[in-house]
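Structures follow.
One chain, chain A, links the two complexes that follow: it is found with chain B in the first and with chain C in the second.
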Partner chain A sequence: MSEALGTTGLILNEPLLWERGKKGRSGFSIPDRDVPSRPLPLEMTGGGPDFPDLSEIEVVRHYTRLSTWNFGVDTGFYPLGSCTMKYNPKINEKLAGLRGFAAAHPLLPAELSQGALQLMFELERFLSEITGLDALTLQPAAGAQGELTGMLIIHAYHRLRGKQKTKILIPDTAHGTNPASAAICGYAPVPVPSGPDGIIAPETVEALMDSETAGIMITNPNTLGLFEANIREIARIVHERGGLVYGDGANMNAVMGIVKPGEIGVDILHLNLHKTFSTPHGGGGPGAGPVAVRKDLARFLPIPRVVEKNGAYELREDFPESIGRVLAFHGHFGILLRACAYILSMGPDGLRDASRMAVLNANYIREKLRDVLHLAFDRPCMHECVFSDQNQQPTGITTLEMAKRLIDYGYHPPTIYFPLVVHGAIMIEPTETETKEDLDAFIAAFRSVAREAADSPAVVREAPTRCKVKRLDETAAARNPCLAG
Partner chain B sequence: MKKIEEIHLPEELRYSADHEWVRLEGELARVGLTDYAQDQLGDVVYVELPSVGAHIAQGAVFATVESVKSVSECYMPVSGEVTAVNGPLADDPVLLNQNPYGDGWMILVKPDDPADHSRLLTAESYRSRLKGEA
Partner chain C sequence: MRYLPHTEEDIAAMLVAIGARSLDDLFASIPADCRFGGALDLPAALSESALERRIGQMAGRMAVSPEYALFLGAGSYDHYIPATVSSLLGRSEFVTSYTPYQPEMLQGTLQGIYEYQTLTARLLGMEVATASHYDGATALAEAILMAVRITGKKKAVLSRAIHPHYRQVVRTYFAPTGYELLELPVLETGLTDFSRLEEIPDPAAVVVQSPNFFGCIENLRGAAEKAHSVGALLVAGFTEALAFGLLKSPGSEGADIVAGEGQSLGIPRSFGGPALGMLAGLKKHMRNLPGRLVGKTKDRDGKRGFVLTLATREQHIRREKATSNICSNNSLNALAAAMAMASLGGTGIRELASLNHDKAEYLKNALRDAGCPVRFSGATFNEFVVGFPGGFEARYRRLLDRKIVAGLPLGAYYPELADCGLLCVTETCGREEMDRLVREVAT
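What follows is the complex of A and B.
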């Protein structure tokens, strides 16, 4: 590419809505009243909410301008490690917008919701096939709620066996939500140190797995982007000592159609539909974290469950050992629908190819940047690669500063300072949806940043300078957050 | 970030491999984070301290420190009962960055075994560990 991706243009400022508008303006017309006016009961009246009076064009311009300040995967490369910011095909949106789905009411009885229930039933079958596990709940709102659901299932399992336990093993490469989910469920998280090769050694698990330990939460591939190659042996040790193996499926994008977690010793697994199965995320919007379990744990799954009987679908609650409901109505149905559309449009071969491409792209970046950035673990990676700022130490330039400088080049920064086991980590997950040209342009940009770190560190320290909002004072923002509108 | 030679490590203190310092004050031990730890963490924005009266074993978590980079746990350098915590840190976490060995201290402990203190690292041995780590 002859011209740099990052450039500057005219950016329009936009005040808060409360600073716009004038009393009496309105953006809509209420139809004429065709019934007699009646006063409301006094207890139902009062001052309205503090909303500004705005015309339609003011509202349209407000949000259109704000949208031009945004950066999303539809704008450019978004290699945020561990987040799988892949492109979300527009066919998913088209299908999610079908009126029969979009306008369906969650309180409609089952006989009037057959299409929606059938979709949920079939999505469960697809995910069961992909995970190699027997039964599923689609309810959990996102990954962390899936983890909590999994912990509650582990808790219910041990309670039924008459021996409650107090601890859960969690590798030091886990996402921070893992220990949090275990602790909320009442388990004490026990850190499992990863070995010198970045993965967990069976001996480490053997030494920690005692009769008080309910099981292990393991992310595979782990957050270093490395496949936990000892998973079968680890699972054997945990099972032998009465524990269960919880798989955090956040990194499933590396192994779709290649590894079935249920076949390598995982008993319970959550998936992040919003990562692996391509639904929009990143702005705090809804996710979905279905939980899959092996057959004998199905009795504990949340209710209601979708059941098929003579070609008709219904929601059933008569599962007395269930941990109960974890989310209202049908879960985040719009996300389930998008994930189902994605799976059907990709097909089994397409999903397998997506994972292969995701792994290939990460290894390509790893190879092309390894001479300028220090590689935390020098071995082939899965869907993401982890560097550090060790090579830049003599220049005084840190991971944070290089990440900020990448913004000037037109890229969303990678994940930084995570995983915690790598000092100054830079975690890059390109996903499968980037072209080689786009990967090459990103690699060139990062190489240029590394060069600047050595030759003109002041430029890197001041970055970003080309975007609307320049270097933010993150410390002041965290210490004195301004939460008022 | 500071070079290892620039890290301030008072000679009279003892250190843990997890980057806590300990100062003996009569029967009590004052505990905080080292200059190296605060420098690595970056600007601290939140500190969560234990309750006074809690008994915490050596190696167990006694505090959580959040910086703009990450959330980190602090591990008890000696077993003992917490007799006081540095209240002002809650409102003013910057003290931990500005003066880690002074008003940025974290907790005061009554050690179970006063001899634990002498088993901790000296400034010199802590610094050589840091050199190995960096």
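What follows is the complex of A and C.
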């Protein structure tokens, strides 16, 4: 490629909302008043919030300008490891906006909401097939709430068996949400060290799994992008000692149609629809974190549950052993709909191919960068590969600085400093939706950054220079927090 | 498949570069006994047009306005969403971006959320607001857990006039903690009965929703005084954020933590989600807040910019000692709410809230005049509890055939209100529609 992707155009400044506008303006069309005024008693009413009054064009320009300071998957390559920033299909956005769904009230009687209930029922069946588990809840709002739901199910399971536990095993390659989710249920996380090959050895689990331990939370493929090859043996040990195996399915994108977690010893698994099933991340959500379980754990699933009877669907709450509700209504339906549309677009072969291409792309990047970046574990990876800044140490340039420099080249940086087991980690997940040309351009850019680290480190330390702002002072932000204007 | 761009030649060239003979080779690290050998039993791939037909058919089997007249609220409200909000929110720079961990290239999201936090704090009369939670119910559960952390006490007292689903979610979150949850009954006015509060030793939080589930406006100032007198924090919940365009804000009435639902602000009902959990508190409790926060800072040139901050409270740093496990939240919906609040402005939100209140008053009075008993005497906002002549449930069923959803039957939630329903009116409901409902009920 002759010209770098990153460049600068005209970036417009834009003040804060309340630095704009004039009292008396409005950007909202208030419907005609066709009823008499009936003021509330004065002691109940206030002066109304101190919002700025803006005209419609001011609101439009404000947010349009803000949007130009943002970088999305539609803008360019977003190889954030563990986050699965794949393309978010446009048709799914259009379908989520269909009035029948967008305007639907969650408490409509069942006979007036058959379309939404059918969609949920079918999505449950699709996800059950993909995970190899028997029953599902679509209610959890995000991956972390899926984990919490799973932990609550484990808690309910042990309580019902008359022996509550106090601990849970969590590998050192787990997502940070895992220990936090377990802690809400009163389980003390026991770290399980991964072996020299980056995966968990059965003997390690054997030594830690005691009668006080509720089970294990295991991410597979793990956050090093490696398949936990001993999963069956690990599950056997955990089951034998009365525990349950919780699978963090955040990385399911690597193994759709290739591995069914329910068939290899996983009892409970959450999926991130905003990762594996292409729903947009929205700058930090909303996502969705459905939880799948094996048959005998279905009785603990949150209520309400969608049930089919003679071709009609209904929501039922009569499950006395259920852990209860985890959201006010039935989950992030708008996200569920997009995921369902994605599965229907891909079909069984398309899903498997998506996983195969995701793994191909990660291995390609791994191979093409391994001579300039240090590979944390020198073995074939699944959907993501993890490097470190070890090779750059003599130059004094760190992972953070290389990441910031990639921005100038027109790329969102990879995930950095995670997983924690790799010092200075650089975690690259290309996903399956990128072209070979774009992968090659990214590889060339990263190689160029590595060269700069050696030849002109000052340029790297200065980065980024092409954004709306230069490097931001995060320490000052935390020391003297200013959270509202 | 159009989402997978590689050609056969691309794949072949990449396999050569990797040194693998086939795609299957790449999965060699997965033991044979872990592999699924078959084909997934899923429907064959659909073309875009076929997909649109299939999903469209399902969407057609939903009762929505204008074909149906809906008087249904109960935590999910029909407010008009300006075209500007839908259009601006659809900008893919917002939609397809990730959590702003690289702040320099995500200033749009960051300034947008900082503005959301600010407007939310102003709406609720609080000092700081978080970047968002999943929904009103989980925000309330997190707020009560926060009160437990702040006070070090292990008991919370909840009004029975809080949305029943919210109380269920709180129970779910509290089930494994060992903390105790108690309930306060409801008076004939539809307001919370605090008379037995003093008999409850050492509560961490007194939790009240206003407007409450029945639409009744609680006396938050009185609730705050009572809560503080027993050494508890007042956690104020809400399901209808628009109410604070007209009502005194919970913060100005003495609430310590405020948590509720922001769906009314520019977010479609979408069968209940994704919605928006709003949570706000006082500066002195800032480090106990759950969830993400955006803060103001400067770049190397001294220029204003925004970053995620106070991350040491969060799960990715503090792991099991975090204030919450929340990671992905409902950021895009927070942006929608900020857009709606900016579009309304201070003048607009007051006008819209007054119109909502007056419309509901119109229907309440018209139904009362037509012989329907209005169950509670307390002043209401947007929603009220009412009976129908000849029994609520029977009449409700009959009206469904006429494409009217006359609110929510309450028997399943409150056995003592088995003959009543919760009706809601917003600005989208015209007088003619209300008059029609009254006629149908009276005949």
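Convention: the second predicted complex is superposed on the first by the 472 of 485 C-alpha atoms of A that agree within 3 Å, B and C clash if a C-alpha of one lies under 4 Å from a C-alpha of the other, contacts with A are read in each partner's own complex, and residues count from 1 in each chain.
Operating definition for what follows: a residue touches a chain if its C-beta (ideal position, glycine included) is under 8 Å from a C-beta of that chain, and two chains touch if they have at least 3 such contacts.
Keep in mind that this is a model prediction, so the values were computed, not measured.
Applying the stated contact rule after C-alpha superposition, one finds that A:V60 touches chain C and leaves chain B untouched.
In the superposition on chain A, A:R232 contacts chain C only, with no contact to chain B. Within the superposed three-chain arrangement, the count of touched residues of chain A is higher for C, of the candidates chain B and chain C. When the two complexes are overlaid on their common chain A, residue A:A103 makes contact with chain C while staying clear of chain B.
Contacts of A:L127 after superposition on the shared chain: neither chain B nor chain C is touched. Contacts of A:P280 after superposition on the shared chain: chain C is touched, whereas chain B is not. After overlaying the two complexes on the shared chain, residue contacts for A:E474 are found with chain B and with chain C alike.
Judged by the touch definition given at the top, the superposed model places A:G396 against chain B, while chain C stays out of reach. Chain A residues in contact with chain B (one complex) as well as with chain C (other complex) are 176, 418, 474, 478.
Chain B contributes residues 1, 42-43, 45-46, 66, 68-72, 93-94 to its touches with chain A in the complex. By the touch criterion given at the top, residues 176, 393, 396, 398, 400, 416-418, 420, 474-475, 478-479 of chain A touch chain B in their complex.
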